[in-house]
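Everything below concerns the one structure shown next.
Chain nomenclature is as follows: A, B, C, D, E and F, assigned in order of appearance, with residue numbering initiated at 1 for each chain independently.
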């Protein structure tokens, strides 16, 4: 089997943006993503998940580099100004290129 | 007078949190307890409402609804003295809306004294959740150019968010279940929703103590005005509740609870709604005041105080 | 007639889910509630079984076991009309096995009407969990070349998986605890396992409503046949239960519960077992039918209907 | 004699775990149940303590405290025969401290027999949590060069850790709440903290059975000495408890509980504290012995045995 | 101290495969891995963790590139056809080369 | 928008070290991090989160390569000998360089 290079976009943000982001992914025809519950600290203070408006999520999303970069920029513009948000891109290798 | 044990649990959590104990309750427990409290309060309200003639409750409901719209309008100009438009608007929404747990503690307080209260107060609780949130968003957005990006959700999405938020769905759902099932139908459920209400409240308040202790640190950076607001606002707002309660001809118990509703600040529905609708507002500010100052103030001092107030007026 | 409040909680969850409310119960609560329900049902069954002479129950148990093997064999050819071999086999396993929550709602329904039922029905519940799963796997694997990779676990692993799955361990464990401890030993536990059974069921059904609402979306893509199957299968299968119940000489209450067991479809044990044993089958199909259609159908319509059927036959 | 159902739940968990069942309880449930048990035991103790003249309890408390300091000093040289300094010290701390759940099972056992016990035993439980941890750390650190890195936290941090750990905060907090609120104040909470104590213990023990089963695997690698220690230590230590109990003039019930406290090994407070203070020690060793051997030994054999011992001595 | 290059294999799949995968790791003499609870969306629909058969897990596993690639291929062959499964490889640097 | 190269340090260790590590981050003026609950297996046996002293956490922390490496070394020296601990560095690209 062969491995193919893709980009992974990781998004850490407030849990209450989940529905919005999923809508965005679907609008942009992204075919898959993974979400884990997270807490953390950043410029917007501590997020400890102790109650509703104080939780983080971490979303991982594999796509072509172009798609991942475009998505990251769009999310940054839409939510970066006011919401707790950190994103990063990394290089990964996957087995089924057609899946992403 | 001995302290209500319910309040002692809050103090235990508060002290443990301030002393940086590693005591933590799982967040799934917190979520479960709030689902339970909201359902239980709703059901109890529904059972009581079933006994009331609808036409008698309607005008009362409208007046309470009006109070919900007016309170944030009164609070806003005061907060504008110190805060930006969006922050003042967001905080007005928090103080105009209500805290379900504060209400539950008030009910427990009255029941311990053996003081009865009108059954429609639960309905008032439900009605007061939302109007202030709408007013808060309008206040935040007035005059502002809302065409830009990142300035929060549109009205449709927002109303959906609020109306179908956890608090209102469970309170209203419980209310309807209570209404439809009636005392006979609910009886087999009493062991949970009635008998365990107060003991479960103790666990919830233990957790609230821990959460409030965590808020104190962030508050210190905000200066004196926030402390002043966090205590002054409930004190003043309680009198609006007392006035409206008096107008409605409520009993001392009912007036106390309406005062408490007016004085309490939302820390579940409002923060979530404001974060979606007015993301520019600093959530640490309004949540810090509502949860870090007003919540403990109402719990420890407000509840007996407003009861005293209600007595004077009666 | 008033609706059972237990069902009202299901409807509340269903409506909240369909309206896309942000109401969510923590998954730890769901897990906890199912552990509780399984244990409580098992214990109750064990207590009752202790009163029965063993030799009287044995032939009944064998007949019920036989029913568990036969049902999927009857269901399979019908489903083959429309579905692939693996999908038809997997679905047969789901419908041959049973839903514990549906059973619990049936018990609550009867107790509200004051209708008694035989104590061995809990044993029947336990016995019916598994046979259909075995038959389902055999049906899926017959004729197929199973030497290849990725075609699911071997029989040893599979039997382990099913026999030691959560459902059977807790039901059987509870049964044995009830048998061994006897009414005297269990009495101090009644406050939880007996008194809180029905109220806890309400929370569980609230969650089930939310889950079922989530299944509706996926169902729409599956076409009409699945809707037909999801309603037609329980209706037909209930009559097998009624027949067997009649043969066993059960009371109206007992016949109702056996009809309900036959009509109910597993959504805990079966999906997990089929995923391991028949991974080629599409889980959205069988789970969608079992959870999205048959579960609410049985809850809202099936329970009173099968009771009516049982009356006619008696 | 029939087995206490509480113990049956432990066996169910144990068997399910050993058979590699996929039964799992959510960790949030485990956390919730331990919060509940600690609070409930504390409150009960506080209520009882309120009835005692303080000056009568004080000398008893001091003697029990002394026992807590002495036990690890006696255990340490024995364990040194086989284990390294740090491992022996850490294990001494585990065995000098106490297991709250074992205590709870002892209380349930006595109440089933209708045997009363002195109210101050809960206080003893609280007092015994900590001294052994301090001694254990001193033993581990004596003579060792502690200037290097990675050798654990300083004393200040450590005392904070232990004194403000979950166990002591909740036990002491419950005690104070019981004392301050009194029987009248606590009455509305009885439905949870009193009535549900034993049933909730069953769920906790089910989980403990699963956890203990998981420990067995790791134990097999440790050889025979650990098995010997895990059974020999509680047997010997129980006699220290019996001696002290006798000296304090306790009743048979009280002596049984003190024996059980002495014989029990901590698996909540001690592992966390030792991990912070003596990270060089192998946690699998002490936790394996305390949880994998001593805990089930005490539960199944120790409790009735120490009661027998206490009878002989009386 | 020195950092050494290794590969990290990340596996997102159905929670009920956990026992199987752990057995496979042990058979392949893998010495460590990390698991977090996850949910997500992919070709096999949404996994929300709302109940037993609907949960995901995310496994991270550091090993030599050869081992990680071989493992990924084996898992793909064994489970890729019928189960929800996404895997990716990425390059990481670790401090103790002998540990992995 | 432009993406900037940073390093991400990932730390998997015992949950009871969380307070210590957060103190260390603050002392080192690290401005943000993300934590998720984890379990796993390694040289120190299995960590299943079944009770207090048996949980893992996974911390992710984006910083300059120099800072991330220094931090990893410091943590390795301080906790590596006795505690369950695995760390790895990876390369990521972020949008706002000034944030990290």
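Things worth noting here:
Operating definition for what follows: a contact is a pair of C-beta atoms (placed from the backbone, for glycine too) under 8 Å apart; a residue touches a chain by one contact, two chains touch by 3 or more.
In this text, all values refer to a predicted model and were calculated from it rather than measured experimentally.
The minimum number of touch steps separating chain A from chain D is 2.
Taking shared numbers over all numbers used, the chain A to chain F interface scores under half, which places it in the different class. Taking the mean Cα position of each chain as its centre, B sits at the greatest distance from chain E.
In terms of C-beta pairs in contact, the better-connected of the chain pairs B-C and A-B is B-C. Taking CA atoms, the transformation carrying chain E onto chain F includes a rotation by 120°, reported to the nearest 5.
Rounded to a whole number, the gap between the C-alpha centres of chain B and chain E is 45 angstrom.
Distance between chain A and chain C, defined via averaged C-alpha coordinates, is recorded as 39 Å. Between the Cα centres of chain A and chain E there is a gap of 20 Å.
Put simply, the C-alpha centre of chain D and that of chain F have 34 angstrom between them.
Contact with two or more other chains is made by residues 22, 26-28, 166 of chain C.
Counting partners per residue, chain E has 36-37, 80, 90-91 as the residues that reach two or more other chains. Those residues of chain F that touch chain E in the complex are listed here as 10, 12, 36-43, 56, 58, 69, 72-73, 76, 80, 86-91.
Those residues of chain D that touch chain B in the complex are listed here as 26-28, 31-32, 35-36, 39, 160-161, 164-166, 169-170, 173, 176-177, 180-182, 184-186, 188-193. The part of chain F that touches chain A in the complex is made up of residues 1, 3, 6, 8, 22, 31-37, 62, 90-96, 99.
The residues of chain C lying in touch with chain B in their complex are 2-5, 8-9, 12, 16, 19-29, 108, 112, 195-196, 198-200, 202-203, 206.
Residues of chain C touching chain E in their complex: 27, 30, 149-150, 153, 166, 210-211, 214, 218, 267-268, 271-272, 275-276, 279-280, 283-284, 287.
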